[in-house]
Amino acid sequence: MSGDEQYERGLEALREADSGAGQKLLEALADVSPELSYRSVAWSYGDLYVRPELARRDRELMCLGVLTALGDTGSQLEVHVNGALNAGLTPSEIVEALLQAVVYCGVPRAVNATLVAKKVFAERNLLPVRPTPAR
Amino acid sequence: MSGDEQYERGLEALREADSGAGQKLLEALADVSPELSYRSVAWSYGDLYVRPELARRDRELMCLGVLTALGDTGSQLEVHVNGALNAGLTPSEIVEALLQAVVYCGVPRAVNATLVAKKVFAERNLLPVRPTPAR
Amino acid sequence: MSGDEQYERGLEALREADSGAGQKLLEALADVSPELSYRSVAWSYGDLYVRPELARRDRELMCLGVLTALGDTGSQLEVHVNGALNAGLTPSEIVEALLQAVVYCGVPRAVNATLVAKKVFAERNLLPVRPTPAR
Amino acid sequence: MSGDEQYERGLEALREADSGAGQKLLEALADVSPELSYRSVAWSYGDLYVRPELARRDRELMCLGVLTALGDTGSQLEVHVNGALNAGLTPSEIVEALLQAVVYCGVPRAVNATLVAKKVFAERNLLPVRPTPAR
Amino acid sequence: MSGDEQYERGLEALREADSGAGQKLLEALADVSPELSYRSVAWSYGDLYVRPELARRDRELMCLGVLTALGDTGSQLEVHVNGALNAGLTPSEIVEALLQAVVYCGVPRAVNATLVAKKVFAERNLLPVRPTPAR
Amino acid sequence: MSGDEQYERGLEALREADSGAGQKLLEALADVSPELSYRSVAWSYGDLYVRPELARRDRELMCLGVLTALGDTGSQLEVHVNGALNAGLTPSEIVEALLQAVVYCGVPRAVNATLVAKKVFAERNLLPVRPTPAR
């Protein structure tokens, strides 16, 4: 598969994954580094995201873990909280996953990520979050 | 529940979760900071790990994401690669989760985590890893 | 001591420690993750902060060091600059502690933390800071 | 050379390097930690920047790499994107350098840094950036 | 260009760039994640490294900056100190670049990176390093 | 004060502060970057450490916080655990300070730092550590 095919496939996967939240970032990059925009889409969504070796729901959990720990990743977390919801994670599961993170990367990182999740939940009318046993 | 009950419950959950890999860390702390050892177990395993709001398998994915991104977490990753296997993730899924991380936290972090996973897989006779579609 | 007693004790210690600066964070979490809010208070303030093994002033210095180095911790730094003042550190000592950090975690982290301290000092009418020999 | 001479030499080098972008940071520190401001200038610009062992253009590339990877360094990146332009790097080279970073520290860090670069380019009427072969 | 062509081109570029230092890492990954190995090569060397928008020497400086700041990147730094030498940076320039980093990411990161550089210089009989004005 | 006077004063302060633990690092740098070695000493010990605005004991607490949170700082932590002991912190206070860090930067960073402290305590015959109320 050529790079361009991968990019096209990635754009489609991204739109399906995040309901458009990533689109803002791609547009912001358009006049400064379309090259970075292109790779973000082609590598993350065109190459990895569609591989059958891991469920999309699991990929989104992994992304939440990585982005929470890194810090200074608000825009990307917004994309992936949307992606996590669209891949079938419930708000309660997402909030609990961010709670799990607190022991490993500390309260400030977990709080920051939880407040980004809150923003996305608010936009999608999912507040307040009620703790629910996972299925 | 008192702190001590939480610790006892945590010790049990930890043993079940990681087949003993965390025991080394607890012992290393015994004569310097049993207090830190106590909280690691009581908070992570006695409090959070056993909550029904998120499946253990999902908690382990989240931990892999956080620990991969943080870096300098070899001993903890060893515990949680074991935990991930014991919670039902396959070696192929773990390897693919670490591959997903590469776009978000870069090649060095992903390579380091993958080499820790390799060490655990070797101890459990799970090498070589064959990419397999997730169920 | 049960978790709830620890939380109650923690809330009290927190209020005393930071003059209310942490309250905003707890409220922001209320409809998304009261669970995270609960642990932040119970663990940090209900469990650790009140232990006699380290003076509160020393705990606050340690927190300043950790939060400065982590980065992306503005809200938490605000809480702990207030906490440091309330535990008896002078503005001059706080500023000097952040200056000490510069050699170990670099200018950007030290500058960010110092600008958060400036914000807190301004709210408490403590500007300009005059370097003063520590007692 | 005394500290004060180093500071004076640094101030001059800084002004020449960044067209005044660093001045805002120095002023923000003036009433809280002139001591930190002093060291930032004396160490970075008065001592290191003027050493003949590395070209200024190369120093700026190194700074871009460090600041991109660290995260939470927006203000400093602004200074050094200006510094990089003033030292002779083209917008296309800067954008490509930030693209190179993506493989090592991941998409979120590279995107954040690229958006800071975009802000500086906009202020200097250098948008849109057109990829150009380096000389 | 297909992914496989990109990988082949990348392998060639990598060998030329680092005199074989990266080969150890690729081999270590072979039985656990050839997929990660493949992307490291195809993305970093097959795609980015060969682009004409930035000189290889400049790419290596950028990599040194990123890897120094990240920390816990010893194996990758080894590859890129070799890469930097092969792209024309002198030992004196590399050491000075790592010295420049100290102001931005602190002494521990700069010391760690410098000791990796020392190891590579020792293997290539380039010690002791003599500070030399850059051309 | 000239740079060389600052370096000489720093060397003396360092020896007094850390009982020689930093000497290994300085020697390791001698044939690769005496320039980095020089700045580490002149800036950290010759300039900052001797300033009267903060007690040495407080500086060491701050350093422990920064180094614990950064990660991948084993050699420097060794120097500063020695420094903390020499500045009057007890093993119990140091262990408790590292315990305080756990809530803010997570278990892996706190465990790593505590195991470095254990190493230093072992060398100085200070194990096992007995929790003791701070004075």
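Just so it is clear, A, B, C, D, E and F label the chains in written order, and each chain counts residues from 1 on its own.
The definition used in the following text is that contacts are C-beta pairs under 8 Å (C-beta built on N, C-alpha and C of every residue); 3 or more make two chains touch, one makes a residue touch a chain.
Just so you know, these numbers come straight off a predicted model, no measurement behind them.
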Chains touching both chain A and chain D: B, C, E, F
Any chain that touches chain C and chain B: A, D, E, F
Distance-maximising chain from chain C - centres being C-alpha averages: E
Pair exhibiting more inter-chain C-beta contacts, C-E or B-E: B-E
Chain B on chain F, rotation in degrees - Cα superposition, rounded to nearest 5: 120
Mean-CA-position distance for chain F and chain D (Å): 30
Chain A and chain F: spacing of chain centres that average the CA atoms, whole Å: 39
Multi-chain contact sites of chain E, meaning residues that touch two or more partners: 39-40, 43-44, 67, 70-72, 76, 95-96, 99, 102-109, 131
Contact graph of the chains (line, ring, star, complete, other): complete
Chain E contact footprint on chain D (complex, rising order): 40, 43-44, 48-49, 51-55, 58-59, 61-70, 76, 92-93, 95-97, 99-105, 131-134
Chain E to chain F touching residues, read off their complex: 71-72, 95-96, 98-99, 102, 106-112, 114-115, 117-118, 121, 127-129, 131
Residues of chain E defined as touching chain C within the complex: 102-109
Of all residues in chain E, those that touch chain A in their complex: 1-3, 6, 39, 43, 47
Interface residues, chain E side, partner chain B - complex: 25, 28-29, 31-33, 35-36, 39-40, 44, 67, 70-73, 75-76
